[in-house]
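Scroll down for the structure; my scribbles are underneath it.
Letters A, B, C and D mark the chains as written, and numbering starts fresh at 1 in each.
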Amino acid sequence: MSLLLVIFDLVLLAGIIGVAWRCLASTDLFRAVVLFITFGLLLALAWVRLEAPDIALAEAAIGAGITGALLLVTLERLRSIMAERHSGRPHTPPPDPSGPHALLRALHDPPPERHSFFPALIFALVVGSLLVTALWHQPQSTGLEPVVDAHMDVSGVDHPITAVLLNFRAYDTFLELAIVLIALLGAWSLGRHDLIPARPAPGPILPGTLRLLVPVAIVTGVYVLWAGSHAPGGAFQAGAILGAAGILLVLARPRQLPMAPGIPLRLGITAGVALFLLVGLYGLGAGHGFLGYADAWAYPLIILIEVAATLSIALTLVALFVAGRPAGDDA
Amino acid sequence: MIEAPETWLPTAIAGLVGLSLAVAVVATAWPRQAHRIGLFGALAVFAWVLGLSALFVAAGPEAEAAATRVALGGWEAPLGLMLHLDGLSMTLLVLTAIVALATSLYSLGYIHDRIERRQFWPLWLWLWAGLNMLFLSGDAFNLYITLEVVSLSAVALVAFTGTAAAVSGAVRYLLINILGSLSFLMGVVLLFGEHGVLDLVLLEARSEAGPTERMAAVLMTAGLMLKAALFPLHVWLAPAHGSAPAPVSAVLSGLVVTGSFYLLLRLWMGVFAPLATPAFGILIGLLGVAALIWGSAQALRAGRLKSIVAYSTVAQFGYLLVAFPLMLVDPDAWRVVVFFAVVHALAKASVFLAAGTLQHAAGHDRLAELGGVLRARPRTVFALGLAGVSLMGLPFTGGFIAKYLLLEAGLGTILAGSVIGVLWVVAIAGGGLLAAAYVLRMVAPAFHRGPERAGEAVSPWMDWVPLGLATVAALAGFAGTLTLHTLTLTPGAP
Amino acid sequence: MNGLAELAHTLAPGLLYPTGGAILFAMGLYGLIRRHHLVLRILALNIMGSGVFMVLLGVAARGEGPPDPVAQALTLTGIVVAVSATAFALALVVHLTRLTGHAVMLPGPPDDDAPVEDISREEHHADGGPAAPHPDQDRNP
Amino acid sequence: MIANTLTVILVLAGLVFFAAGTAGLLRFPDVYSRLHALTKADNVGLGLVILGLMFQAGGPADILKLILIWVLVLAAGTTAAHMVAQRTWTHGEFESDR
């Protein structure tokens, strides 16, 4: 049995490394992106094998799903910009006949020069072999698992990863939310002149599917959020699922994007960090330490923070997909 | 009865983190008032840092290592995260507060477009909060996260003008930063795999000169050198710093680079201390000499005022590298190195702010055509010169004290019988001469004959803030004793 | 047969996956050096990041008993940070392409004496980005 | 025991359909016939795999979740195939597809 598992591990790792290699060696960017999404899905499988279902969920939703959508829309934008520059007159989206061919020209990276081959190869080999040497010398310790286990009863939740994320190391999680927000502020500061270049296919099929998928996604998101306190799941996975539903909606009708109102949108994207910080400051004032909770209040406060964080993450991910600053934000 | 300062210290430390984050969050949620929130927030954080430093120095000799560590959420390491305040971080917090307050005041005048203001202030307040958290962090993984907060907001600030040069510099800066962060994170992961803890104090207690520490040291040092633009990993610096808006350049060259350097110093004095050998010191010192020469040469060749200043950052950080071998011989030298970094940050920020004022007045910063504006703006030229004098290390400035102490340490090495010590002394003395050459290049047009041209009107903030900061840099010499004393309050350091 | 069982024991996930992670890290580094298109460079950085996470999760799965939840929580944080940085980087790449017509990071620093727009002046407005793109402004032949 | 045998048989049968679909994807000449092979074979294959897994489910909730997964994949796969076909109809095939 264990030999079969080793064979499975080896095949999976070979697949992951092979796909990553094909992705990096590809001259066609579209192919590279598709391979990268495949890479993310294979990674999710590896995380399941490493007994990390939370991470597998996050990798599939965030690493492969959201990142994949971001990469694909970026390629579409690059193609549209190139087509515009080549034809010399501004129009979005570009004319149909030039579509695929302009894409091939614009989204193509020539094979790398020969002279960088050996230096890069030797550098990567040295780094890789040193890393492997260091890793093979390490003791087979269990890390912090016993310490976390000993404190689970006062953490307010039953799932160790949620306990670490929102109680024991809440500061890291707070800053993680801040980083998502800063990335959005950075993308917004570049301007507000961005449309989704892809046009939806006409016909009843896409709207019909959306009518089915979006409610299911919302229910799933809420379920994953709620499950996070006792089973794999939590704010980030839920936020990614809701964000994916939002991205689908944006994709389906880019022409009639509802004008996002300025102030509610700003409040929505900052709700997660703002609430987290308020709870943290309250903890400091009440003597539990910054970002600390009284044991009895830990569960409700964690759920409250997670709900706000889910909302903010979902909104921020959709906004990062749209990329440009909404016109309402300047009002 | 007033309680002893050390009982208030933990709350004040956590409060500083909370306050700087709160300012950033409120400005993000309410961008219309971001500049006002930013101004009041900057004053509040500045006052808080000063109060904290008074508490810290008052608690000083009695403050045990434990008193300066704050368990967030009440969870002690290894389970939870600890904030960590000692003399080194206190010094850098005060430095950050001074430079950041000056930059905030300057930005009030510099960024007046309504839309620019809405973009600038939240990002800038996040950057400041990130720096405060970086200096207070005592956990390896948390350091990675704070580094990401700092670098993402810094990149966004470089890019936010949206010009081709700025965006191109920002892309390069971002990729380099992500690479540096990943390299750092891989080091953290290796250390965690070996020792099973993330807290720096616990890691320090367990670390030895094994393969894990060696590889982690290589990865984390390389990552931080990329971020700090230490030679030979410096190529990104000039495009990013030179094309950013003036207040951003000031913060990047003054504080962000110093933050990475701080972390290098902290790691090598703590977790990686068993690995520091003389051969390693000499290698780093040679890199420093190369940086000094290359950076100075570029600064002497560059055609734009801000490029000169950006390249001089590469050269000045060469100095810091030259000090590494001295630190291995004379353990006390590290305090001088930190003091030099502090003076450099103050002077460099004021030079960039002054350059920004001149660029605003002239509409460009090409040195060849800047003469008229330089002649018409003696106050700004004086600020430029005063800060430049500090960079050169002329007597009675902060830079002089720092370079004098470094030279003393270098001569000590020679007396101790080290031949290569001669090279360090020559580099330290010669670097000052090269600095003099490029500082004179910047101010020389002011003394040529020719017509005056006042150019665009300049707000009072932009006129006076560079001068004020340059004065602080020049007078920093008088605070030298206090700084060096504060630095002795670093547990574990010699 | 005994030898096979021993081999299976040696190649436990706690050793196998960190090794795979190290390979991914090195491979990403190689791709980052060799490829020029910015999107490919971002992909290379993401592959490096996945390598780091694989090492971390592999380390967490070592030994007997349940895996280390701290390491898993750190990985989750890392994935979210990675997607944020990627999203911002892609936005920058699109903007750069709009301004310059290429999405390639050219070797060497851009021209020092290229004109720099000054945002402190009255005539600058941030609404729509610069009006006229300068095609080869930051090329340095 | 019977449940396990049924699972193995059904999952293996599902895998045969997946293999057939993949072979079609690789061997068929144009987008439409590839879509035809891929969607039909994969939907049936997935249905068989899920049917097989139902014998391993812990309770009715798990069975419902499995059915839900199948329905969602059907809906998403069908829509995606429709959109790929429509794009090809209006824009022509990609060069790299030939």
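Everything below uses one rule, namely that contacts are C-beta pairs under 8 Å (C-beta built on N, C-alpha and C of every residue); 3 or more make two chains touch, one makes a residue touch a chain.
Model, not experiment: these values are computed from the prediction.
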item	value
Greatest separation from chain C - chain, by CA centre	D
Central chain of the complex, centres being mean CA coordinates	C
Intercentroid distance (Cα basis), chain C paired with chain B, Å	25
Centroid distance [mean C-alpha coordinates] between chain D and chain C, Å	33
Interchain centroid distance [CA atoms averaged], chain B/chain D, Å	57
Chain B, residues touching no fewer than two other chains	115, 119, 141, 145, 148, 152, 155-156, 159, 162, 167, 186, 190, 192-193
Chain D: positions in contact with at least two other chains	none
Touching two or more other chains - residues of chain A	131, 135, 138, 141-144, 148, 168-169, 172, 176, 179, 182-183, 186, 190-191, 330
Interchain contacts, given as pairs of chains that touch	A-B, A-C, A-D, B-C
Interfacial residue positions of chain B with respect to chain A in the complex	11, 14-15, 17-18, 21-22, 24-25, 28-31, 70-75, 78-81, 115, 118-120, 122-123, 126, 133, 141-142, 145-146, 148-149, 152-153, 155-156, 159-160, 162, 167, 186, 190, 192-194, 196-197, 210-212, 214-216, 218
Chain A - residues contacting chain B, complex	130-131, 133-135, 137-139, 141-144, 147-148, 151, 167-172, 174-176, 178-179, 181-183, 185-186, 188-191, 266-267, 269-270, 273-274, 277, 280-281, 283-284, 288-293, 329-330
Residues of chain C touching chain B in the complex	18, 25, 32, 38, 41-42, 45, 48-49, 51-52, 55-56, 59, 62, 70-71, 74, 77-78, 81, 84-85, 88-89, 92-93, 95-96, 99-100, 105, 108-110, 112-121, 124-127, 129-130, 133-134, 137-138
Residue ranges of chain A touching chain C (in the complex, touch as defined)	2-3, 5-6, 9-10, 13, 16-17, 20-21, 23-26, 29, 32-33, 36, 39-40, 43, 46-47, 49-52, 54-55, 58-59, 62-63, 66-67, 70-71, 74-75, 77-78, 81-82, 85, 107, 109, 112, 116-117, 119-121, 123-125, 127-128, 131-132, 135-136, 138, 140-145, 148, 160-161, 163-165, 168-169, 172-173, 176, 179-180, 182-184, 186-187, 190-194, 234, 236, 320-321, 323, 330
Partner chain C, residues of chain B touching it in the complex	110-113, 115-116, 119, 141, 145, 148, 152, 155-156, 159, 161-172, 174-175, 178-179, 182, 185-186, 189-190, 192-193, 198, 235, 238-239, 242-243, 245-246, 302-304, 306-307, 356, 359-360, 363-366, 456, 462
